[in-house]
Each structure stands twice: as C-alpha cells, then as structure tokens.
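What follows is a pair of complexes built around chain A, which joins chain B in one and chain C in the other.
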Partner chain A sequence: MTLIIEAVVLGILTGSVYALMASGLTLIFGVMDIINIAQGILVILGAYLSYTLEKYLHIDIILGLLVTIPALFLLGMGIEWAFMRRIKRDRVMISILVTFAVALVIEGLLNFTFTANYVQLQAPYIDAAIPVFGFYLPYIYVFAFILSGVLLTLLYFLVYRTKFGFGLRASMQDRTAAALIGIDVERVQTITFGIGVALAAAGGMVFGATNPFNAASWGDLISRLLVIIVLGGMGSLRGALFASFAMLVISDVIDVVWSPIWASTVFFALLIVLLLFRPQGFFGRIEGRKQ
Partner chain B sequence: MLVFSSVTISKLISTCAVVILLLATLAACSTQQNSNNVTQAGPIVIGASIANSGDFSADGKPTQQGYQLWADNINKQGGLLGRQVRLDLVNDNSTPEGVTTAYQKLINVDHVDLVVGPFADLTAVAAAKVAHRSGYALIEGSGTAVAVFQQGLDNIFSVSLSAKNYMVSFAEYILALPANMRPKTAAYSSQDDPFLVPQLDAARSLLENGGIKTVLNEKYPAETSDYTPFAQKVIASGADLVMLGTFTPDSIAYVKAFKQQHYNPKALIAASGPDQGDQFTKPIGGVKVAEGIFVPNGGWYAGINTFQNDQFQKDYIAKYGGTAADISSDTVQAYSVMQVLTQAANKIHSIDNAKLIQELRSDSFDTLQGPVKFTPDGQNSTAVAFLFQWQNGNLIPVYPQDHAQANPEFPKPPWQ
Partner chain C sequence: MKKIKRFGLLALLALLLAFPQLFPDPAVTSIAIFALLYAGAATAWNLFSGYTGYISLGSAVFYGVGGYALALLCKGWNIQGGYVPFLLLPLVGLIASVFAIPLGWIALRSSRHVFVVITIAMFNIIQLLAYNLPGITNGSAGMFLPTPPWDAAFFNTPFYYVSLIVLLFSIGVSWWVRNSKYGLGLLAIRDDEDRALGLGVKTGPFKLVAYVISAFFIGMIGALIAYFIGSLYPPFAFTSVFDINVALMAFLGGIGTLVGPIVGAFLLEPLTQYITVQLQVVGLDQILFGSLMLAVILLLPEGIVPTLRRRWVKWTASRSATSPVAGIRGKGQALLVKGGREGKR
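Our next item is the complex of A and B:
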C-alpha cells in the first residue's frame, strides 16, 4: 500500500513539472498553430543553463531561474522572429519540420559545448528527503511542485486577467478577427512563443535536478510532452495540467502494482480509447480554427 | 494485333535480358571491388559509423577516439601493409536505420576497403547485415548481446566479452562466500536491452541454483527517463542483493533513490554506469557515495598487463590528455578491433575481405582486452569478466583473485 501511495504522490509531484513544460507547448500551439518539436531540447537547454550557472558561477539552481527564464524568453522570441513568422501556410506541418531542424541544431551545439557525457544538477536539497507516509520524499520534488504551482498560477493570471491575455485568447480563437479589432497578432505570437520557451527553463531546471541528462535526452521528453497535449486537448492549458497528472500517476501506479513494461502499453491503450470517443482530448476544441 | 503483341513481348524479353546482363555485370564489378590486394596504390580506407548524436552519443566520441588513435599510430609506423590508412566515419544517429544507411553509403558510394563496427548491439547487427550483403568482414567491439550472434551472419566478429558472461564473476564471488554471510534474497531490475538482460539472466540462473531466492525480477522499457518507480519496487523488495541492468543515467537514478530512501543492500552491482568515472560519481554526490558498489568489467582496466597496453595508454594521454583511468571502455574496444584487423591483415598480407573472414575464423589474436579467438558465430571465446568495486575513491579489480588489487568489500558500507 505504501508503494501505491508513494507512486501517487510522486506521480502528482512529477506531473506538475510535466504540466509546466507541456503548458509552453500547448500555449504555442493554441495561439500559433505551431507544434514546437524543439520544446524538448529547449528544456534540456534550460537544464544546461542552470548547470552552467551552478557549476561555474556557483549560483543556486532555483535562484538561477532569474537568469535562465529571461534568457530562454529572449531565445524563444528570437526563434519566432527568425523562423516561425516566415511560415505562412501549412503551419502545423511545416512547423514540425522547422522546429525539428531547430532542435537538431541546438542538440549539436550542446553536444559540442558540453560533450555527450551525462550531467546532473547539484544542490543540497536534491538529495535530502523527509519521511512521509512511510517513505522518504525528496525535497526537490516538493520544491518543483511549488515552483510549478506558482508559475502556472502566474500563467493563468497572464492569460485570463491581463490585457495581453485578452489579446492572446482572442488570437487563439480567431487570428483574423483579433487583428480586425486592433490586436497586434504578430506581437502576441512573438511574446507567446517566448513565454512558452521560458517555461522550458523552469522545467529544465527540475528535469536536470531529478534526472541525469545529456543533449540526447530530449527525445523521450518531447514524446511525453506531445502525448500530454494530445490527451489534454491541443491548445488547452487546463488539459495540459490534467493530462500531466493523469499520465504520470497512471504510469507510476502501473509500474509498481504490475510491471514497468506494461505501464506505457496500458497508458497508450487508454489514450487510444479516449481519443476514439473524444478525438479532441479532455479539454480540446471540437472544431479546428477556421482561417 | 497478334503480331504487335508478339513484337512487344519479344522486345520485353530482350529488354529483360539486357537488364539482367547489366545487373550481372554490375554485381560482378561490385564483387571485384572487394578483391582488394596490397598492390593497389593510395591509402586503405576503413569505414565505420559513429553515434555522434542520439541515444549512444555518449559512447560515440570515445569509440571514434579509439579508431582514430589506432589510425594515427599505424600511419606513424608506415601504415597497414605499407599503405597509409584513412578513416571514413559517418554519423549514424544511434539508430539501426541510421547505421544501415551509413554502411550502405560507405560500401556502395564511398567504396571503402574495409568496415569496422559501430557502437551497440542492434546497430552492430544492422551494420553486419549490410556488410554481409557485400561480402565485407565486420569486426566490432561493442555488439556482444546474445541476439547479435543468432543472426546467422558469418562475417561478424566481436572482440569483446559476450554480454551473457559479464555478471558471471559476481555470481561466482557471491556463491563463494561462507553460507552464514551469503545474501538470502536478490532483486533484479533491468532496462529491456539486449546487452543488459542476458547479463542478469545468466547471473540469476547461477544464484538461484546456489540457493539465493529471487524476490523481484523486473524489466523496464529502454525509452524512459523517470526511473523512480522502478527504484521504489527494488527498495520495497528489501532484497539483500541488488543486481541492476543499467546504463549510466539509470544507474545514477537508482543509487540516488536508494540513498534517499535509506535502503542499503548487502551488495549492489550495476551492469554499466559505475565504470564511467566522474560521469557516475559526480551526479550521485561524489566518490564516497560510490563506496562498495560493484560493476563488471569486460576485460580491460588501466595498467592491465595486456598486448600493447602500455603504449596505448601513453599514446592516448599524449593525444587526448587526462589519465589512464579516464580511458573509456568504448575507446579500448574500438582500438582492440583495429588490433585484430591489423594482425589478420598482416598474417595474410591482404585486405581482401573473403580472405580476412577466413583468417578471422581460424586464427587467434592479441588485444588490449586479452587474447581473442572467435567461435563460429563470432563470439570471443577466450574473454574473461573481471569484477570491479569502488573502494576509497578508486574503482579497482577485486575478483578473480589473480587480478584483484584488494579483497571485495562485503557487506556494502552504509551510504555516506
């Protein structure tokens, strides 16, 4: 029983981090019709930035977010300006190819800079743990949960309680109509892409603190993130949150009560069944944007 | 209409015949391309694919270093059979598909004289299949899984210890312990990988026959990055002895989880990871945390008295820096591949692939990893596994006795 409780607790805590990373991905898709395959490598880039700050400047990895989040925000806006803005038609398909190319370039640069050796972020609270429910709960998971909660709340207020958020949501619903009522859609898109990528910095810090990583680690990560946004509903922030918890808790519980080999199979079987009855995912829109 | 049809059919038959003749000519030409001999001018070109990106990218660079170091050395000594050597290395992205494409390019487009293996088991099989179609020998160092030798390929030659034998020394050591000290229960957790699973299966079979009860035997998918739930199950099993089928990232994750949960088995061995020096010790929190952890060794360690090892270590440090302890087993395996290739070519005075295959099947060779003698399916029948353990900040051989630098530490000390 302790094992199941531990799996549920860790599933929820880890799920919050995946929710953070997937929120960036789904936000970008919702506003721009772009599937950012590079989100996985940007998470790894965020982890490497934290690693660099911690190793060479001895800046605590959580404090380092004050540097890495703005840095990736600027990088995200740069990528949008340099590549995404140029995609005028078949945005979904072409964006997959373009962002995949961006990911490969970043992976190559990271391999060149940091070599392919595995590294992991270090901080006193990464290895420390507190006893709860008969097992030891690592502090880093608790901190990650709090961090994700704060950032996702801020994101919620940004999207639903600000003028920028109004423009963002209008762009999500209908870009042409949004432009007609005076919203600078291009600016909204650039900032949205920046926000989406900035969230990868926080996700990367937590990923790097809880997993050894190298540049190639993005492959497994992006496949998980894509599953989360499909399950939650493409473009839905609520969906990303809900699907992250669902995926991690279901997988972790099946891991411990049955077998890790079956965890993915059972999860994907459930995903297929759900998509048969709700092709739009938990919270996705039934109709696509008509433009 | 009938005449028209007859003419068309006869034209078709003629065309087919011409095409068949052309194909036969091309096939003959391609076969002749393999009939290299020492009288040809120009450098000998040796092709290989390297995992510069993807899952095995951490192993790609050291593999490349091994090949390159040998090429530099042999060229300084006047070359292979009097001809300079040039390496043609292609990125394979760590996938069997990438390897297949790479070796097709090397053989059919670049027309390399010889090919040697990529990194990993599945990719070695993919490379050997392509090489087999063109009559090339494939000597390789890292494809050692049981499945590699069950493909019916007569052109693959693995210079390293077969995977299924890696953990045998550890099992023998445990069973040699006095009955009152011997662990009673064992947990096995392995990534579902053709290199790792046979290692644990072979050891488990020995330990079960020796009376050690299996309380957990589990595999997890290779394509995962969150190992916490798997570590939880091992911890919950409470086993005295833990055997892990891991590579570097999961070995780190397990050790961190065990330490966090204050779970300290009497003996802990990981198939791979603890042998990666500071790549392993830094993430887990330093060498003190590694104290007492075992890892199998495929047949080489710094300072071992094997063929050309002294010179190899000096050359490596001169070219790449660091110390002998920093040398990756991937580099050693790649260099050993080239040592076997050199000896085989020198013995037959040729780089003809058919003759090389014949020579490799019948003769024995010396390498950094010890002597090599191939079985008909391509395994190295003479390789022996060593058992290493982290002790006082160093990874040292502790078993078998004739290679041991210290007695094994048992039971494992508490986490520090």
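Our next item is the complex of A and C:
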C-alpha cells in the first residue's frame, strides 16, 4: 500500500514537471501550428547547461536557472527566426521535419561536446530526503513541484491576464483575424516559441536531477511529451496539465504493481485506447473544416 | 522525346543489372544493396504517405516486424542459409501487412496531424514489445539469422539481384497506383479529404489499403536487410533512423512523385553509408545529416524532381519563345505546372 501511495505522490510531483515541458509544446502548436519535435532535445540541452554551470562554475542548479532559462529563451527565438518563419506551406508537416533536423544537429553537437556517457546533476537536496507517509521523498521532487507550480502560474497570468496573452490567444484562434485587428502575429509567434523553449530549460534541470541522461535520451522523452499533448487535445494548456498528471500517476503505479518494463508500454497503449473513443483528446476541439 | 526517355530507362536498367560485374568490390556492392533497398523503402513509404499526405514516422515498425518474421520462420522451419529465405520474402511481406491492418485502422481514425504523433507512439510501443517479449524476440540478447554458405567474393551478388527485384516490384506497384483510379482517389484525399469523401471516394478503406501495401514492401525490405546483416537487436531492428531516413529521401527527391523517392535514396543512402563508415567522430554524422536535411527542406521545399521538371519546362518555353505559337504552348505548359503546384497543399 505504501508503495502505491509513494507511486501516486511521485507521479503527481513529476507530473508537474512534464506539465511544464508539455505546455511549452502545446503552446507552440496552438499559436503556430508547429509540432516542435526539438522540445525533447532542448530539455536535454537545458539539463546539460545546468550540468556545465554546476560542474565548472559551481553554480547551484536551481540558481543556474536564472542563466539557463533566458539562454534557451533566446535560442528559441533564434530557431523561430532562422527556420520556422521560412516555412510557407504545409506548416505542420514541414515543421515536424525541420524541428527534427534541428534536434538532430543539437544532438550531434551535444554528443560531440559531452560524449555519449550518462551524467546526472549533483546537488545536496537531490540525495537528501524527508519521510512522508512511511517512505522517503527526496527534496528535489518537492522543489520541482514548487518550481513548476510557480512557472505554470506565471504562464497562466501571461496568457490570460496580459496584453501579450490577449494577442497570443487571438493568434491561436485565427491568425488572419488577429493580424487584421492590429496584432503583430510574427512577433507573438517568435516570443511564444521563445517561451515554449524556455520552459524546456526548467524542465531540463529537473529531468537531469532525477534521471541519468545523455544526448540520446530525447527520443523517449519527446514521445512521452507528444503522447501527453495528443491526450490533452493539441493546443490545449488545461489538457496538457491534466494529461501530464494522469499519465505520470498511471505509469508510476503500474511501475510498482506490475513491472517497470511495462510502464512505458501502458503509457502508449492507453493513448491508443483513448483515441479509439475520443480522437480529439480530452480537451481538444473537433477540428472544423478549413478552407 | 518519348523515345529518348525509353532509351534512357533501358540504359539505366542495363547499368543496374551489370553493376556487380562492373564494380565487384564487396564494399561498393554493399553500399549499392543498401541504396537499392532504401530506394524500395522510400518508394513504398511514398506510396502511402506521399500520395495520401498522411506522413508516417513509424514505418520502422514494419521494417522490424519483417526482420523478426524472417528470423522466426527460419528458426521454426529449420531453414538453412542459402536461397530459400529469399523465397520466404513474400510471406514475410504478408505477415507485415497483417500487422499493418489493426495499426492502420486505429491510427487512421485521427486527423493527419495527430496521425504523425500516433505513428511515433506506435513505433515506441512495438520497440518496447521487442524488448519485453523475450519469449518471442529473445529480448535485448538479439536473434541470429542463418548464414548463407557463399564465399566473400560471391556473397553480395544474390543479395544485390534480389534487392533489385524488390525495388523494381515496388516501383511497378507504385507506378500502377499512381496511374490508376485508385491512386487518383489517394491524391484526392491528399488535396482535400472532405471533398474527396463528398465526391464518393471511400477515404477510410482507400487509406488503409495504401498503408497495408506500403507495409508489405517495407516488411520485405526489413527482412532482406536483417538477412544481409545476419542479426537482429531491438534498437537496430526498430530504429528511428529508418523512420526519418525514408521520409527525408522522399522529401529530398520530391514527395508524391514516382521517381522522387528513388532519386533521394540514391543520393542519400551512399552518403549515409560513407559518413557512418568513414567518419568515426561521435556526433558528426548527426550534425551533417541534420544540416543537410534543413538545407533541403528550406531551400528545395518541393524536392529535386519537381524543381528540375519546372526548370526544364521554363527553359524549353523560353527557347521556343521565338515562334509565337510555340511560345503560347510553352506558357500554357508553365501555367499548367504552376496550377498543379498550387493545387497541392
């Protein structure tokens, strides 16, 4: 029983981190019709940045976020400016290939710089743990949950309570109409891409602190994130949040009651079952006919 | 014009047939075998994804299923290495097709954006199953196929010709689909699915059949490559490199065209083989490959074949512009080509 409680608690805590990474992905899709396959490798890049800061400059990994988040924000805007903006036709399909290529280049650079050996982030609160409900919970999970909570709240205010967020939601609904009422859609898109990628930096720090990783870890990660945003309904922030918690809790519980090797399979199998009954995901809208 | 085309095709076929005699070096023929098989795989991928516009990034499922099917058949029926496994290829293709029916039926229920994501997810499930069902696949310890009893100098020759036959067969089917009423239905689905449905195209079965045909060929090709290499491990039998390579080849050559994927494969596969064998620097192949992919997609979004064809039409039009009648004809052609392009999404 304790094991199941532990799995549920861990699932909720790590679910919040997946929610952070997935909301970056779903936000970019909602505003730009772009499926950013590079999100996975950008999470790993964020983890490696934290690793470098911690190892060579001895900057604490949470403090290091003050450097890595702005760095990835700028990188995201750079990627949008250099590649995404050039895609004129068939955005969804071409964007998948372009972001996949970007991911491949970054993976190559990371392999080249850091080799393929697995590394893990170090900090005193990663190993230390507090006892709750009869098991030991490492502090990092609690910190990760608080961090995700803060960032997701900030994101919520940005999207729903600011002028920029108004422009963002307008661009999500209808790009042409948004441009007609005077919103600089291109600027909104560049900044949105930057924000989506910046969220990967925070996700990367937690991912790197809780899992050993190398550059190739992004394949599994991006598959999970894609499953989450499809489950939630692509473009829906609420859906991404809900699906992250649901998936992580389910897979962590299966991990302990059945076997770790089946946890990921069930993760994907659930997706297929859901799609049989609700092809648009939990919160997705049924796509209207586009002229 | 037609005569030149026919002559060119025959010359190309003769060159392909004589290739192992002209370049008997096994290192060269190995690269040629991979190029032929990848050309076949890209053609099969294009038959579904190129014609219908549903991009699949999980075709390695059938590549791996084909490999494991051949290995299991050889093990179950106690077949020795030699020519017999080649004869099993159609059966292997059928097994892959049977696999494709439920997978395609589920995945094709969704919109084409979600479809891409589902194919990636399915690829991950099946790869995990290969690890997690050691009773069938022997897990991460891998499986071995029988070794053919041929000496090193002759070894590649049978593989080369079987690969050529598979490639020609897949081109034949792709050509037939492209020129049939069925293929017209697939192209209509790509251009506007709702309208196609309204006009009486049975979009569901049409897509599923194309998906299954594509799986048939990819399964055979996966089995051939597994037999050629001699061993199967989950990460190599179900590899995302295959998923992305075939898609890239089709995009490079020209997605939705008949020859495009073949051109793309003949350009890219030798390069891939060369890079992976020659450059042993970690990560460099990924950087080169990714950059090349970016350059192709952003600078040549239509692919090589449609771009060249357009240039050719323009060039002949401008050359014959001196005579007024021919000039109008040329313009008309250019307009036709342009219209065709805009029709695509």
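Criterion: the second predicted complex is superposed on the first by the 279 of 291 C-alpha atoms of A that agree within 3 Å, B and C clash if a C-alpha of one lies under 4 Å from a C-alpha of the other, contacts with A are read in each partner's own complex, and residues count from 1 in each chain.
Just so it is clear, contacts are C-beta pairs under 8 Å (C-beta built on N, C-alpha and C of every residue); 3 or more make two chains touch, one makes a residue touch a chain.
Note that this is a predicted model, so its numbers are computed, not measured.
After superposition onto chain A, partners chain B and chain C are found to clash with each other. In the overlay built on the shared chain, the residue A:Met93 is in contact with chain C alone; chain B does not reach it.
When the shared chain is aligned, chain B and chain C each come close enough to touch A:Asn111. Of the two partner chains, chain B and chain C are each touched by A:Ile261.
When the two complexes are overlaid on their common chain A, residue A:Asp252 makes contact with chain B while staying clear of chain C.
In the superposed model, A:Val227 makes contact with chain C only, not with chain B.
When the shared chain is aligned, chain B and chain C each come close enough to touch A:Gly219.
For chain C, the stretch among 26-34, 116-124 or 206-214 that collides with chain B in the superposed model is 26-34.
Common to the chain B-facing and chain C-facing surfaces of chain A are residues 104, 107-108, 111, 115-116, 215, 219-220, 223, 261, 264. Here chain A touches chain B in the complex through residues 2-3, 6-7, 10, 14, 104, 107-108, 111, 115-120, 122, 127-129, 135-136, 138, 210-217, 219-221, 223, 248, 251-252, 255-256, 259-261, 263-264, going by the rule given at the top. Here chain B touches chain A in the complex through residues 52-55, 57-61, 94, 192, 218-221, 223-226, 228-230, 232-233, 236, 248-249, 252-253, 256, 259-262, 276, 279, 282-283, 285, going by the rule given at the top. Against chain C, the residues of chain A that register as touching in their complex are 35, 83, 86-90, 92-94, 96-98, 100-105, 107-112, 115-116, 215, 219-220, 223, 226-227, 229-230, 234, 261-262, 264-265, 268-269, 271-272, 275-276, 279, 287, 289. Residues 53, 55, 57, 106, 109-114, 116-118, 120-122, 124-125, 128-129, 131-132, 194, 240, 244, 247-248, 251, 281-291, 293-294, 297-298, 301, 345 of chain C are the ones touching chain A in the complex.
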